[in-house]
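This is the structure, below, for whatever I ask next.
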Amino acid sequence: MTEVAFFVGAIGAIGGAIAVVAMRNPFYSVLALVVHLVFLAGIFLLLRAQFIAAAQIVVYAGAVMVIYVFVAAYVGGIEEPMFDSSPMLRIVGPILAVALFVEISIAVLGSSLTALGTDGSDKIQGGFGTPEAIGKLMLEDFLIAFEAASLLLLVAAVAAIILAGRKKAQKEAA
Amino acid sequence: MTFDSPSIDYAALSPIIALTAGLVVLVLVAVFDSIKRFGSPIALLTLAVTAGCLIWQWDTNTDLVAGSLHFDGITVTLSLLCVVSAAVAVLLSIGDPAEKQTGRSDYLALLMGSVLGMVMLTQANNIITFFVALELLSIPLYALCATNLRKRDSLESGLKYLIIGSVGSATLLYGLALIYGTSGAMEFPQIAAGYLGDGTPDSINKLVGDPLTLVGIGMVTVGLAFKVSIAPFHQWTPDVYQGAPTPITAFMAVATKAAVFAIFIRFFLVALIGMVDGWDVMLAALAAFSMVVGNVGALAQTSLKRMLGYSGIAQAGYMLCGVIVATQDGISALVFYLAAYVAMNLAAFAVLVAHERRTGFSDDISSLRGLGRSKPLLAWPLTIAMLALAGLPPTAGFIGKLYLIEALVDADWTWLGVMIAIGTMISLVYYLRVVAAVWMSPEAEASPTDEIDTSGLPPAVAGGSAGDFTDGQAHRRWYLVLPAVIGAAATIFFGVVPQPLVEFAQQAGNALSAYIS
Amino acid sequence: MSAATWGWLVLLFPLLGSLLIGFSFRKIPPKVAGAVGIGAIFLAFLCGIGALIAVQGEPSESRHVASSLWEYASVGGFTIDLGIYVDPLSVFMVLVITGVSTLIHVYSYSYMQSDEGYHRFFSYLNFFVFSMLLLVLAGNFALLIVGWAFVGFASYALISYWYRRETATKAGMKAFVINVIGDIGLVLAAILIFRELGVVDYAAVFEKAPEVFSTNQWEVVAICLLLLVGAFAKSAQMPFHTWLADAMEGPTPVSALIHAATMVTAGVYLVARAHPLFELAPTAADLAAWVGVGTLLVAGTIAIVVTDLKRIIAFSTMSQIGYMFVAVGIGAYSAGMFHLMTHAFFKALLFMAAGSIISAMANRQNIDHMKGFGKAMPFTAVMLIIGALALSGFPGTSGWFSKDEIIDFASFRGGMYEVMAVGMLIGAFLTAIYSFRIIFRILPGKPCDEAQYLIDNGHVVHGEPGNPATGELEDTEVGYPGEEHHIAEQAPGMKIGMAVLGFLALVGGLLQIPGVDEVITKFLEPSFEDSIFVNSHPTVAEAWTGLGSGALISIVGIFTAWLLYVKKPGIPSRLEQRLQPVHSLLVNKWYFDEIIDFLIVNPVKAFGRFSNEIFERYVINGLTSGTVGVIRSAGGAVRDLQSGMLRGYAVLMLFGVVGLLLYFLIRSI
Amino acid sequence: MLSLIIWIPLVAGLIAAMAPQRFAAWIAGSGAVATLALVVVVLIGFDPGGGMQYVTDVTWIPGLGVDYNLGIDGLSIFLVLLTAVAWVPAIAFTASRGTERPGLYFLMLLAGETATLGAFLSQDLLLFVLFFDLMIVPFYFLFGIFGNDREGVTASSATLKMIVFTLIGSLLMLVGAIALAVISADGGALTFNMAELTARGLPSGSQNWIFWLFAAAFLVKMPAFPLHGWMPDAYRAAPLPALAVFSAVLSKVGAYGFLRVVLPMMPDATELFQTTMLILGLASIIYGSVMAFTKTDLRLILGFSSIAQLGFITAGIFALNTSGGEGALLQMINHGVIVVPAFLIVALIAERFGSEDIQGMGGLAKKAPVFAVVFLIVTMATLAIPGSPNFIGEFFIVNGLFQTNVAIAIIATSGMAFSAFYALRMYQRTMHNPLPDGADSREISVRDGLVIVPMVLITVVLAFCPQLIIHGSEPAVDTVVALSNVEAAK
Amino acid sequence: MDIEWYLVLSALLFTIGFTGVLIRRNPVVILLCLELMLSAGALAMLAFSRMLGDQDGQVMVLIVLVVAACEVVVGLGIVVAMFRRRLPLDVDDMKELKG
């Protein structure tokens, strides 16, 4: 059962990812990413990360993607020209990427870490991945990270306002 | 549901608190147009308080907030360097087009955010704080690089930095995941313990030599090397340095290095100290490669900022040596070098900012011609900064190299010491080219005089005129000249009386006495 | 006063004179300068006599005195004192030098009268005498080198005295460089002496040498050969002789003083001084003698064909010094010194007379143009004849006694020395021919234009100011005696100088008549008493036999000259045509200059060109620019990669990641 | 005391830079004279056999084991004296001519003096390295700012080449110095104290590579063949008074470094590489001489002749015996003393001909007999005529070489013949031969005479009594060479 | 299901994202690809978290989500700013800075 779910999720996630890269219209790419994220959330569930999966759907597919869609719509769905201004990159890039994949896979498969060969369920305790558990951790052990993340959001918001907002800046820029 | 709120040592946390408070105030101030002009004083005050808190906690060496942070000598010293460079950046930003366009407080809030990230990064003690602090450091910087909205270069550099930076972050994240997975821990000391296994030689070797561990180390290295612009992950550096508003470049060039080297030290020398044999040769190769690439790349540059970008690559290579040797001396040497680097680089950038403002934003080396004759207050700091970067006595740059080489030789890394020497020789050529332009060439033909006629000047910047921001009196502005002069003076002072700075640096070195000799 | 004090005084006066004249050249009139110069040397001469008396006042065995002013330099046991050594030999040299110098100063006083650099001339001249005296009085080999080099320097300064003549400056350079080569020989000799003996003071060296060295041990031979390099260079012996003829660019009194009477004999003095070493290294001594023979023959043959009056005399000088070298080489020290003295007399005389004629010829020196000076300048003519007679060893003259004593000694030693004796006899024959060639070519006959002018007007022709060697016109401030130069032989100074020397040249030989007085031998004996030849010398009878044969040769030679140049003046030119190759060999001075150019000068020049044009440019600068080029092209590559293409950066980054991971994967195996 | 000597010039320079321009020269001059006076005071109280004297030893950077350790002994005292002496005419000459931006000029010149004195007086290896590096910086500015552009080579590029070349060496030396201290500390307390380092000794294997790091620095500085690539351009660019002290004193620091650092601290390597160094010295002698007589630029003639002289000095040092070492030391002084007037004379000649190329010169002696005589003395000393102090130096060097290697000694003497040729050629081509049109045969002025003649007089005095220097320095040289010469030690 | 598989999947997603950065020219799409890379990292983190039975990894992933969002916001902000400046939205055209 798990295997089937995994492969379905994996194929969906991979397909979504490939579509993101392959779609020539950014608008479609955004939609493909949404698909990818949804399938990925499914895999997260398999990993007993319910809260993360939910957050992924809500925050990402729900909120972030909306911004993407807006921006994509705002700047227009420009289709990329087929020709590449640097064909070398088009060849060398993927070759290197494949090499990277091979290397990581070798490392994973060649690793002597025995736990890798398990599904890890023997160590799982009750309440694993639940919002309570995560929330507790966030407010106890990782309070600083949590605060930092919130400040990061604040800063990012300010940055976004500076860059995209300001009427005055627009006027000056024009 | 109950929470066991972690015990928090507010005294040691005070720098972060102060910065956060300042950041929030600045954001609030940004809302009200009428008090925006107080942005700079507020930012300076914040930084001053932060610095005060750091000095107040000089001797503290403790875990904070359930081990998320670790406050020690490394934190204090390197945070101070970040704070100082931020303060200088604030001063240099006064009147900068980027600052004016973005509304002062917003801009400064971003700056504060970045400083906060840095200060946090210097004490980050687990993977999560490490990652989030690094992002808190980087994301505002991406934005800041793009803040000169009317300048195409600025936007371009912001986007390039962001994209490449995010690739770096993703790689780092992946590496961190592997480290987490193989060691089974988040906190650095626990990671080290995790790799030690149950203490039997067999278990140590198994994990230390495990391909997954090593791949993880490799990817973390890439992420960090990217941030401090170690070749071959350096390529963003010259472009971003050149495109970003100069005060930001100044800040980025020194503060980022200080903060990221802090985590470099903490991660490699605490978490990964067990496999030092695994990564030292790799880091040494990167350092050497960096020295070569940075130095040869800088040779034919005509833009001073670009040249400083390349030189930063080489300097990062030198600094990395301090990590490689994995000794307390090495850390001290690195911190010393960073401190010297802060002084000399900020002096150079301060001069550069003043010069740019005066001449309509030209950072071409040839535009410096005749500066020695006409503007000694700019020429001397620049000269001293260049000589110091080149590692000539009697500057802190020389002592810094000396310290590094001493640490290297002491740990049997003499060949890296020789590499530093060779790199320095190459670097002489371009540093001294600046000196030669300042002192040894006749005044540039189109050299702007004090009463500059901006209308006659061609737009010096691609895609727009900066005329509004040109300031013919820039070389008399205290907020530009003061950092330059203080930086230069510090460079000389610590070249002649290095002992205080050595002790400062040793404060950092001693912090890790539990892990390394 | 002790002999040493006299010795120091001898040194002091010429130095003072030189400095005084040099420093006050703007203040004192020329005549005063000249007088100071003469006075200084004359005082030195008087002090020399004082030294003589002081030395003679001592018993024979303690007639050498060493005296040191202060420690000059002392490193690692190598101690050099600023010290002098006074013994009969040095006193003898002092007397010859100061005596002849005084006369030449007197001559110069008139001869240089209208020259622009009168002060300079006398200052140099005094300095030269000081150097020469330092050379002969030096108490150790190191100080000897100093004197030796000072003499070379003074010679250089005086040769290029007319410094705006390029021929003169070139000649000066040549003389100086060859002299320096000699100095180097001496330096190495001194160092070798120190290495072997640990001392460089004469007294100590000569005392220790027999204890340390066995006969013909290679070290001592090497020392002597190195000393000979110095001696040959200074005394113009083959193959270091080429500078001497060129040195005739200097004013004639300089030629008389330096290149005839004093400096060139320094080599002879050196061998005589170092005779204890040479006697331990007979090979080297023989070499000295053989080189002497060779030089005297080569120089004699050249002197027969060259036409430049001063150069004939210069080659003759070489030849006569050859005799002296033979003398000191075979152990006839006092004979050598005696010949040195008589040669000083008659050769200085010849030069003075020649100078007189040259000034009458408006500085032209080619004997082909000279005729009839017998009538024009009778006094000079007489002096010239006296000089020539003495030079060719005409019976009764000083040269007869001195030269033949050497030949006698050579035949007395027998063996290969007989061969030397024969060579010297041939040389004597050549000497007679070329000396009377001068006489017969320029004295008799119908006076040439210049001579006639002198007869008619009572003063000399004023020619165009020009370089006698090249004919190039010059401005009047250099080397040109000037419009007011009316002296020829009339000036009293010149007459006095020539007359005294003429007298000495005639009767000087009487000091050393075999079996009669032998003053020189007896006087010098304390200096040579340690010599192995001190008690073996030709008997009186043998000596007189030698003198007889010498007289015969000389007379035959003079007769031959008469035959060639007076009786049948066509013969020389016919011979010239018949023996064209021989003639050109001789006229070109046996091609020594060319050979040296080919062997040494040209290779060095080529090396210089190579260094400059190839090595410096391609290797030294090439290395630099090559390194710079590599670095620059590396920089170019870095900048090319920095294309501005974001995706390019990402690719490089990925490349870095892949590379790093590959490294780690390989490591993990 | 020694600190005063070192820092007075710099302070004077700073004051001169701040003060109104018309006082700059006076302030600078009095600074140099005051330094000289202090050095003389030190000299009077100096005891030749007393080892290190006037020691100042203050901890400077305890964290790095670096001390501010000054001292003077027989090895350095005369070089210090030479430095203090040489700067006075250089400043006086500049002052008499005037210069643009005098404040900056004198600041740099005096900073150079401070650094040079520092290098001679340092008894801490790292302090020595620091001053050694520092020396080049003021001269970089002097040559670059106040220098002349020549065809194809600007002053700034020429000086860039110079500083890069010399710093290549000194940076390697920095590594070497640290390695030396670290290795000899062998885990113990790190120190750079020279005496202590000498006493500790170094394993032979390490000596072998550290030796070359130091040798590189010193040979470039001298400069020695084949590391002299920077010299021609830099010499042609430099302003002459600065060049005079540069050539007179700075080149000696390299040779001094061999005596002070290499011989005592790396005796095994010194012995091992003795022949190599001798051959290098020999190559410098011959190459420098040959180049000197093919060049027509007066500065280059002097420059290449310096290479030859430094070759002699190197050879003397590596004779590894007292005679060679003492000869080398003597020769350093002599060469320094004579080069200063030589370069100043070049300046005077250039003023009279409007060029520094001996082609087209000549006849200057015509109306300038005093000038000619002064130059003649300089020339004769340059070619080391016996009787000059230079000769005594060469004599003892050759003597020292002779004890070590006869063949090298004999070839080295050929340098004497070469020097006779090139020095005389230089003299003749300027002073003798016909005077070209348009040249100004002018007598040396009293003012210039007062600057140049005292230096010449020093040579004359030394000619009479070189023992003055030998006496003061021999014990020190003896100690140094004894360390590296096993035979002598036995 | 073995953890290995999750890791291989995450590696694949990471490389796909990286490839996208390498070959795409539209900055908006490149930002999407960066999301892919980050989520690949998050997947690996979660897989390890599960393997170790340690929830710290999940907290990390949560933070990563925030970070990714922030990056996107800033990135899109720059894109918008560029668009307003009428700059071409093509990373290959951003070559003002080079050398």
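Note that the chains are named A, B, C, D and E in the order they appear, and that numbering of residues resets to 1 at the start of each chain.
Note that in this section a contact is a pair of C-beta atoms (placed from the backbone, for glycine too) under 8 Å apart; a residue touches a chain by one contact, two chains touch by 3 or more.
Everything numeric in this text was worked out from a predicted model, so none of it was measured.
Chains touching both chain A and chain E: B, C. Where touching is counted per the definition, the chains common to chain A and chain B are C, E. Across the assembly, the chain pair joined by the most C-beta contact pairs is A-E. Overall, the chain located most centrally, as judged by its C-alpha mean against the mean of all protein C-alpha atoms, is D. The greatest centre-to-centre distance from chain A, using averaged C-alpha positions, is reached by C.
Among the other chains, C has the CA centre that is most remote from the centre of chain E. With centres defined as mean CA coordinates, chain C is found 101 Å away from chain A.
The centroid of the Cα atoms in chain B and the matching centroid in chain E are 25 Å apart. Centre-to-centre, using mean CA coordinates, chain A is 69 Å away from chain D. Each chain gets a centre from the mean of its Cα atoms; for chain D and chain E, those two points are 63 Å apart.
Residues of chain A found to touch two or more other chains are 85-86, 89, 93, 96-97, 100, 103-104, 106-108, 110, 116, 141-142, 145, 149, 152, 155-156, 159-160, 162-163, 173.
The residues of chain E that reach two or more other chains are 14, 17-18, 21-23, 25, 31, 42, 47, 49, 51-52, 54, 56, 59, 63, 66-67, 70-71, 74, 77-79, 81, 85, 91-92, 94, 96-99, listed in rising order. Counting partner chains per residue, chain C has residues 639, 642, 644-648, 650-651, 654-655, 657, 661, 665, 668 touching two or more of them. In terms of inter-chain touching, the protein chains here follow a pattern that is not a line, ring, star or complete graph. Looking at which chains touch one another, you get A-B, A-C, A-E, B-C, B-D, B-E, C-D, C-E.
Against chain B, in their complex, chain A makes its touches with residues 103-104, 106-108, 110-113, 116, 132, 136, 139-145, 147-149, 151-152, 154-156, 158-163, 166, 168-169, 172-173. The residues of chain E lying in touch with chain A in their complex are 1-9, 11-20, 22-26, 28-29, 31-33, 35-36, 39, 42-43, 46-47, 49-56, 58-59, 61-63, 65-74, 76-81, 83-85, 89-90, 92.
Chain contact summary for the complex, chain B toward chain D: residues 332, 372-373, 387, 391-394, 398-399, 401-403, 405-406, 409-410, 414, 417-418, 420-422, 424-425, 428-429, 432-433, 435-436, 439-441, 498-499, 502-503, 505-506.
Put simply, chain D touches chain B in their complex at residues 60-64, 101, 126, 130-131, 133-134, 137, 140-141, 144-145, 154-157, 159-160, 163-164, 167-168, 171-172, 174-175, 178-179, 182-183, 190. Against chain A, the residues of chain C that register as touching in their complex are 645, 647-648, 650-651, 654-655, 657-658, 661-662, 665, 668.
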